[in-house]
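Worksheet: one structure, shown below.
Order of writing sets the chain letters: A, B, C, D, E, F, G, H, I, J, K and L. Residues in each chain are counted from 1.
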Amino acid sequence: MADSVYKIIEIVGSSSKGFDAAAKVAIERASKSLRDLRIAEVIAQDIQIEKGKVKAYRVKLKVSFKFEGGK
Amino acid sequence: MADSVYKIIEIVGSSSKGFDAAAKVAIERASKSLRDLRIAEVIAQDIQIEKGKVKAYRVKLKVSFKFEGGK
Amino acid sequence: MADSVYKIIEIVGSSSKGFDAAAKVAIERASKSLRDLRIAEVIAQDIQIEKGKVKAYRVKLKVSFKFEGGK
Amino acid sequence: MADSVYKIIEIVGSSSKGFDAAAKVAIERASKSLRDLRIAEVIAQDIQIEKGKVKAYRVKLKVSFKFEGGK
Amino acid sequence: MADSVYKIIEIVGSSSKGFDAAAKVAIERASKSLRDLRIAEVIAQDIQIEKGKVKAYRVKLKVSFKFEGGK
Amino acid sequence: MADSVYKIIEIVGSSSKGFDAAAKVAIERASKSLRDLRIAEVIAQDIQIEKGKVKAYRVKLKVSFKFEGGK
Amino acid sequence: MADSVYKIIEIVGSSSKGFDAAAKVAIERASKSLRDLRIAEVIAQDIQIEKGKVKAYRVKLKVSFKFEGGK
Amino acid sequence: MADSVYKIIEIVGSSSKGFDAAAKVAIERASKSLRDLRIAEVIAQDIQIEKGKVKAYRVKLKVSFKFEGGK
Amino acid sequence: MADSVYKIIEIVGSSSKGFDAAAKVAIERASKSLRDLRIAEVIAQDIQIEKGKVKAYRVKLKVSFKFEGGK
Amino acid sequence: MADSVYKIIEIVGSSSKGFDAAAKVAIERASKSLRDLRIAEVIAQDIQIEKGKVKAYRVKLKVSFKFEGGK
Amino acid sequence: MADSVYKIIEIVGSSSKGFDAAAKVAIERASKSLRDLRIAEVIAQDIQIEKGKVKAYRVKLKVSFKFEGGK
Amino acid sequence: MADSVYKIIEIVGSSSKGFDAAAKVAIERASKSLRDLRIAEVIAQDIQIEKGKVKAYRVKLKVSFKFEGGK
């Protein structure tokens, strides 16, 4: 089997529904321009607050995909 | 624009429904006595177990708000 | 009160429903063979992706229980 | 069972007797003004030196207690 | 010499001049309501950006002071 | 000299006397069922509080021993 | 309000004037090709030395911006 | 697809040949008693020294495998 | 001397030969599309296992290069 | 007041009596050859085990002192 | 090209002017007794406070230089 | 058995052959001026790149040895 190289980027997804949805939003958005996504690692979670209420749940992810050049 | 100073406290919210709800409970409780909350950062999550079942999801948060003195 | 000793193991739960469910699955599975589970600490979360969609949410947990020998 | 919210503060205790005593001093002092303390987590330990001798052992603790408002 | 107990809080200072000034602003503000501040440890630094320019430098600090009760 | 493999487990010892005793309790309990213990690394320390007093000092340890199969 | 996705990249700025200037240089350079930068988090700082003198202050930043595809 | 649960253990492999060999030794030894190993994460590396020479390279690994009960 | 700005990306190289080769593969692949690579920092290492044998050594690297725009 | 420069070294103290004594031993030994020691920060603690019993408590410290040249 | 070995030490610089100056003071002081300094990595920053005002900015650095023996 | 004190220093070894060789070079160089080296802990690994090729593998180590005074 040939050697392979993957690239990793960081993205942040945001949703008013919860952490699961915030991660899903980010992954589906990233899948539109990146091929062959495999794993998304959660590296941070936070919550935006407005007038004492939760406004949005946010999840920061590291996503890996096949390296095909570019920057 | 004037310089500003924020204070950060740590709180733990707990809920039997899940991590999203546990964070929400903590933020809404904190909003009753603290003004101008902006961001709550998740710094730890754990689960209390009783008789082999999930009893409560808990989320530890760092919340920042305008510093108006006090300790 | 007598001194006590606990043991801690790491497990990973996986579910297509979300992070709460993934943690629940792991805890209920571990409860079948380990007695007196008390706390499960979340130490990592990631997401398996297939064809650009979330396939499974995964939660890595540290669970503590009474030490009764064995390895 | 009702949802609950806890607050966490950091304190530093200091004693010439050792780390155990330094932690004890901090906890008993904090108990005078805070209700329902449950767990104190050690997050750092250091030693003050004077003329080549140990002057004081110091323990930094995170203590959690019921959130009843205030800042 | 008597045992002593210190408390630690987190504050964030912000200034358009730079990191040194941001820390100074936070410390002088905190000194108005807290007695006997000794050390402020830098635990994070970030920069707010507006229209591609630096808007404010921010410094997050842990400040320790004599524990005199309160929450 | 032959290659060798060690296994590492996490245990928590608890004692009302102090951190040294808590570690000792855990090591002597683990030695009853595990052979050839060599090093126990302290990875966390906390204190259980009851009615404003220290109830128990706890030490979390990583202990390594010869790997002889099992899980 | 619609869900949103941000991307995060790491850049290093360098200046002989100091850490504030090094961060400013990196942010203004990044702003030329990236739209809607909001926050730059400092994740490391170092200093290049030449003949016993400071040659350049360097700041490593994580910058977040609206995700519009690309890699 | 059914939900699944994995367990993670820490092992240390040792070899005079180098880090690659030390990891290989540990994995092949663990495979004799654990089924369905998938990933081994390197969490620490060190070197034993004797009379000023490298005696053994050691690699500490976290290995995950299907949870089938036991402790 | 003029101020300069570098960009940092994360890549993962994989090889059946060992960690050195896995890093080499990733660096030579990245060099095809990125100019002026200087340093690659190892941030994680793991091993893929198949039928109880090492299938591939993997190295995650942070590589820095001159920032020339793009995303 | 003049600018000042301190140097920091790491030492490990060992004692069969406990962690407090192990730290004390290291500090008093270091004081014989280093002037003006001020603070010793605990950065790791472990325990050597022999025949299932605690053989020695060890404490790793970072000690700072006035920089007067040398290496 | 020949293999080379570097040594790394930790130093703390202090200045009332700011963090840049504190780092500069430490580096220039270290350069008097150490040859061929190349990089100084910032590993901690804090501020000494006196009567509610900044007294000194302090920067802790790791500096590397050619290893020529000694301790 | 008498109490003992060890000192720890950081060194960096460099080799074009690989990480194992880089660590070996550093340890054998350090052994020429330091007595009774026991353990070298790997704390960082990086790679120098020149014209798109690996120029040198580098390993940063913490080495401990008997404390016999000096700085």
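We adopt the following convention: a residue touches a chain if its C-beta (ideal position, glycine included) is under 8 Å from a C-beta of that chain, and two chains touch if they have at least 3 such contacts.
Bear in mind that the values here come from a model prediction, so they are computed numbers and not experimental data.
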Comparing contact pairs by residue number, the option in F-J, D-F or F-H matching A-I for over half of them is F-H
Between chain A and chain L, tell me the centre distance in angstrom, where each centre is the average of that chain's C-alpha atoms. 38
Using Cα averages as centroids, what's the distance between chain B and chain D in whole Å? 21
Per the C-alpha centroid definition, the whole-Å distance linking chain B and chain L comes out as 44
Provide the C-alpha centroid distance between chain C and chain I, rounded to the nearest whole angstrom. 32
For chain F, which residues are shared contacts with two or more other chains? 7, 9, 18-20, 32, 70-71
Make each chain a node and each touching pair an edge, then name the shape: line, ring, star, complete, other. other
Once the touch criterion is applied, which pairs of chains come out as touching? A-B, A-C, A-G, A-I, B-C, B-D, B-E, C-F, C-H, D-E, D-F, D-J, E-G, E-K, F-H, F-J, G-I, G-K, H-I, H-L, I-L, J-K, J-L, K-L
Listed in rising order, chain A residues that touch chain G in their complex are 7, 9-16, 21-22, 25-26, 29-30, 32-34, 56, 60, 68, 70-71
Contacting residues of chain L [partner chain I, same complex]: 18-20, 44-49, 52-54, 57
As the complex stands, chain E meets chain D at residues 1, 3-9, 62, 64, 67, 69-71
Complex interface listing, chain J residues touching chain D: 18-20, 23-24, 27-28, 31-32, 37-42, 61, 63
